[in-house]
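The structure appears below as structure tokens.
Labels run A, B, C, D, E and F following the written order; every chain starts at residue 1.
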């Protein structure tokens, strides 16, 4: 469930269906995951979020698989269970092997550790790392 | 500066120097950044952290550049200024172009946004996303 | 359940009952939610937390509904499922419409996104934004 | 400064200038703050972010001032110094009094406290708070 | 500086001075740090926060030094620079040695790492760890 | 369950069993919790993480019980349900009383509150708190 419930395709307005259709066509699948069905209560946000994701997660200077793994890294740092579950599956579908997943986790764990060591030791930024040099 | 100050090479113990030497040799550089100089107050943690990072960030199923960008993604989500500055420079040295950086930021921003939309709408995990299926 | 279990009214000490009574009287309801029943193991913290919340969330320069929505915004950013669920219901009871909820979510999502864009791009604070000017 | 530097109006491309112009016109001001000048390195993200913010932060079911205070609440929870500084000024311009600011801070502080009490006491969600009931 | 400026003793109201006096007497010191001078704009929050801290951080089942180190651990996880700086000094004054500080940092770093490994691997809670068993 | 499933002792490789054996011997127990069974998919990370934890959480300048409570404090701040559940049990086994747990929670809650008050009021670090003075 979700705060306002989930809007299924058959109950969706024309605008929402258009987004659902584009999601399914883009992903070459015949189902819609709960995130979109919950967001469908706000058709403007639904459309905006989907179009942003579609553009941002598509091919570019970075491979879509890499982008999906970055999404997982952020979701893990934020402890978002839904996002971890859904984007891990997406990454697997785009080619993430178990070996890649394990390395991804190792990097995320290490980064979260050193982020705090830096903070706790109150380390100042080296001149060499400052932007504009 | 840092909580306990920074330990320069000339003031470092034999154990610490060994780590500094390995850092410089591995990175093909002749300087040590503040993080290690602060951590040097705790030679056990210094050695452990460096060896972990060296192993984790090295080549494997994921390219070192990709790992560095994941490090940036996590550091940005955690608002760790030092880590953002240092790992952005590291990523650039390993080949991150401006185009790649911008896409990285776009993904990190989007993930942080949808992580909260999912939480706020209290979206339940789809059966299809649950592990062990 | 909760770490130390939940303390029901009938099993509560005189001090705890006094807080429970005040919660029910203030909220014009006849039940106590789990948060308070868990906190009741520590009567000092129970009393202090309830009195703080009662004072802070009451009418003032900001409307209680606005305060409740701010509570939701923070809880969403912190991924606190219990707090999201309970304060969303509280906000609805105080008059939050679906339209207001959706806008609240949109703002929270956007803020979480730009918070990271700012961090990742390492944007310095404009002179115009610095306090004391 | 910023990772890739700041793009001033005179050095900006036509697309970027169009966004800058719209920002200044919408805000009835003659300057652009650093966030946009940093984001201008990525004209697509600049345009998308500005249009999203313009739409989301505008009038609707919630007053623009309320939205600005929610933005501050999120930024404070995320420890984003830039965002706190800039959105506090924006909120003040939109009418946030000192009294409102102080209440906002009190709510944000309290929410961050109870979010952790709930987590630490491992409080289960009451049936009454579950969505779909 | 701070958003609303800092209120010095000589400019403080009678209520604020009473809190300042109690802080100095309790801490056996003759100065007030910026946090209180900023909070003094909201005398109610100033008084409440000081009294809470005084009660919570005092002797009890846990030693005040241990409490101060827990405060540092939380502040490091939250990347609150001010809080890290001030509570590290407080902990040192209460007897935290360099050896204790280093172990504190190692634990905080490790906890932040494994918190994310758990999330990323989507580990379910063992029956043995569930409350109420 | 977990992303890649759980590896039981009987299905584990020689390397993984060696770690499992050491965990059980060190903890004087005959079972392995899910975290390790999930991490066992990555024997290198399993071994490294266990050895780090074993070293860091052992006796030193800080008592193992204190370290366990610091672990809980961090896990609560990060909203990691699994870590809260498991380390709370560990702390209890090492001697954490209910009174100690309640004070721990009070400190963690308070720290999370003041971390945000400091951020929101944009309080500058006092000269007296800066490292290297």
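Heads up, the rule we're going with is that a residue touches a chain if its C-beta (ideal position, glycine included) is under 8 Å from a C-beta of that chain, and two chains touch if they have at least 3 such contacts.
Bear in mind that the values here come from a model prediction, so they are computed numbers and not experimental data.
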item	value
Co-neighbours of chain E and chain A - touch as defined	B, C, D, F
Steps needed, at fewest, to go from chain C to chain E via touching chains	1
Pair sharing more residue contacts (C-beta pairs) when D-E is set against A-D	A-D
Centroid comparison with chain C (C-alpha atoms), farthest chain	B
Chain whose mean Cα position lies farthest from chain A	E
Between chain D and chain F, centroid-to-centroid distance (C-alpha), Å	34
Intercentroid distance (Cα basis), chain D paired with chain B, Å	27
For chain E paired with chain F, centre-to-centre distance based on mean C-alpha positions, whole Å	20
Residue numbers of chain C (touch at least two other chains)	1-4, 45, 49, 52, 77-81, 85, 88, 102, 104-106, 108-110, 112-115, 117, 119-122, 130-131
Topology of the chain contact graph, where touching chains are joined (line, ring, star, complete, other)	complete
Residue numbers on chain F that touch chain B, as the complex places them	1-5, 44, 48, 52, 55, 130-132
Residues of chain A touching chain E in the complex	72, 76-77, 79, 81, 84-85, 88, 104-105, 108-110, 112-117, 119-122
Of all residues in chain C, those that touch chain F in their complex	3-4, 41-42, 45, 49, 78-80, 131
Residues of chain E defined as touching chain F within the complex	1-4, 31, 33-35, 38-39, 45, 49, 52-53, 56-57, 60-62, 66-67, 69-71, 73-75, 77-78, 80-83, 85-89, 97, 99-100, 102-104, 106-108, 110-115, 117-126, 128-131
Residue ranges of chain B in contact with chain D within the complex	79, 88, 98, 101-102, 105-106, 109, 122
